[in-house]
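For reference, chains read A, B and C in written order, and residue numbers begin at 1 within each chain.
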């Protein structure tokens, strides 16, 4: 693969943001930059809009939890500049003892919509500013937890019979109401008790 | 033939009719016509659905066996072919589709995932659709070759031809029980346990 | 008008708060009409398409809010095929993950196998042999053809044209014959290994593939004649579901969806792998991003794939007898005969099977140009034989997310057509 070359974006980032760039490394030819969670959105926006960077394509958003329980959770953004044919990987470390929250980049790249929902579903990391953060792969009232966390066993927490019972009890048409469709557009106008229900992961019921 | 005894009747089992030449001829006619005109309800989820499509295409041609018309409406279908893996999120859907099908109906579990969970012994996967709906024929394979599926269909046809309308258990609807399960909980846990090499495959690192 | 007035005056009907007539048989007391907020308002209809539906291309559920025949909003619900692939990958050695990749995008299994091997090889810093690279290119392009054939057949069915499905599926069977001769399986091929391939191509494979490349363009020509200037096809696909280039980039689309909108981004050209920069092929790019452009792009891609296959076959002739696996006994299983007789070979065999091949500490992301778009595998390793994290960056997942935007204000039948044009495979979306 050749020698490990650091992406020129690292130097540009350090010039622009200074100490906010915590550290960087190169792994298998890819450059990875670590930034604090509070500055992530600002840095990503700059990477997208700055004429020297132009990372206009969001390849992926995901999260990583290590087997070593003391290492923090990482949220990973893979960015690409189509015009400059350059890649960059940005990471934020989230302490597992604190609330797992980071800013959403939905306002920068619309592709972040479902990607962030999946990270929420699989890891329990919330993205503030996301228009409609709810589970996407598991059903919305899924009670077993966040599957890709390391403390979640491969076969799930509950017994197979209990999983089957919960699955059969979920009415497939229960999430088929105007409430759900309106959430993104009119969340503020929903009544307080419905917001409360939604906050607990419950979705609408069909009459 | 789906009628059950009303409550309070004495428990003597006297069949109303004994098998004779007339009933066997009627059976043969009904079973022959049913077996050779099974309309499948393709409940295709994953890779097996692609092999199902290939079986229905011109090279293997399911239409030869009477499965000319795929019925995507359960109301008009005879046999539900679950082709592919079934996650728990899809379990109430297949249960509802199965309940919507009208008797006489059969189910073919196509592929390893539908039969037993396959390679997916994970938090999301139903370990065999027979924990959700009653299954008549299991077709192993990952995915089963079209010839394998055709063999499974022929086994079902054989099974149908062996049916008799005098059998009181024949057209019973097996609904989801009062505690929300189709099979008893103990049975589901028993068939879902990993065995053999699978026991070692739930260890990470 | 007059009927309505008559009904109201006879007392057999009342008006609900919205002004619609409610009728009841004579003598029946109508109950109090329920408050409007309990009802949808009587204007918009909510219908549910799927998850079991012939036209959703898998277990996709679309909840559509309709005003008559016009779509107000479409909400896709996915996750009905979520199988826990990424979780399962953390419990498997790198070579054991290869069979899992067949089952994600099951329409182009060999391409996924190749992507996984390339990603793991990037993580471990392995360079494959030249013959292996050429064979992997052949695998990828064969997969591109069969995936686009499924798309073509099923989209034709969705729009009402059934016959090209049968024509093209027969061609698919020819590729399946070749896949089966090479790997033993029609669909779940698992053909790559870290550092090489499961097996070299058998005798007759090259002749069979050349034969396919010679006759396949004629089938494409037939399909082209059937569709490209067909009034019904054009009426249903031109101008339907257009997407601008800026939106396509912002929504992280990839593959034919992105190129049909006019963005010239193909991973094979921009970030070449397997020596794609040495092959002579064109990348079709559309203009409007509607269904018609996506159709033209995919059709042309199949022709270009045939071109690449012919070039790859020419190279194979030069590389006859060359090795397909790297010469590293820690990585590649020794031949069975040696493993049974030679002590060292037996130890290498034992270590690879029981412990698996360890990857160095690090991480790697590799994207390839899959038929559906850019498929990326992201491995994070802590030095053990099983990855800490295996992330699949699924092209169809991101491509499907743009469906609500494309379906604003179209007719219901266009929703089916647009959904078909995105070319999704639920195994990859839900993983």
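The working rule: contacts are C-beta pairs under 8 Å (C-beta built on N, C-alpha and C of every residue); 3 or more make two chains touch, one makes a residue touch a chain.
On a predicted model such as this, the values are computed, not experimentally measured, just so you know.
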Q: State which chain is most central when centres are taken as means of Cα atoms.
A: C
Q. Once you count every C-beta pair in contact for both, which comes out on top, B-C or A-B?
A. B-C
Q: For subunit A and subunit C, let me know how many angstrom lie between their CA-based centres, rounded off.
A: 23
Q) How many angstrom lie between the CA centroids of subunit B and subunit C, rounded to a whole number? A) 29
Q | Gap in Å, rounded to a whole number, between the CA centres of subunit B and subunit A | A | 40
(Q) Counting only residues that touch at least two other chains, what does the list for subunit C look like? (A) 51, 79, 82, 84, 87-88, 91, 430
Q | Sequence positions of subunit B contacting 2 or more other chains | A | 89, 93, 122-124, 202, 204-205
Q) Do you know which subunit A residues sit against two or more other chains? A) 67, 138-139, 147, 152, 154, 172
Q.
Considering only the defined contacts, which subunit A positions touch subunit C in the complex?
A. 1, 27-30, 32, 56-60, 62, 64-68, 76, 78, 82, 85, 87, 89, 109-111, 113-115, 118, 122, 135-139, 147-148, 152, 154, 172-173, 175-178, 180-181, 207
Q. What part of subunit B is in contact with subunit C in the complex they form?
A. 42-47, 49-51, 53-54, 57-59, 70, 72, 84-85, 87, 89-90, 93-94, 97, 119-120, 122-125, 142-143, 145, 201-205
Q.
Per the contact definition, I'd like the list of subunit C residues that touch subunit B in the complex.
A. 51-54, 58-59, 79-84, 87-88, 90-92, 99-100, 102-103, 106-107, 150, 165-166, 169-170, 172-173, 176, 186-188, 384-386, 426-427, 430
Q. Touching subunit A in the complex: which residues of subunit B?
A. 88-89, 91-93, 95-96, 121-124, 126-127, 131-132, 176, 179-182, 185-186, 188-189, 192, 202, 204-205
Q. Which subunit C residues qualify as touching subunit A in the complex?
A. 38, 40, 46, 48, 51, 63, 65, 73, 75, 77-79, 82, 84, 86-88, 91, 122-123, 125, 247, 249-253, 263, 265, 270-271, 362-365, 367, 374, 376, 378, 380, 382, 388-389, 391, 393, 397-398, 400-402, 430-431
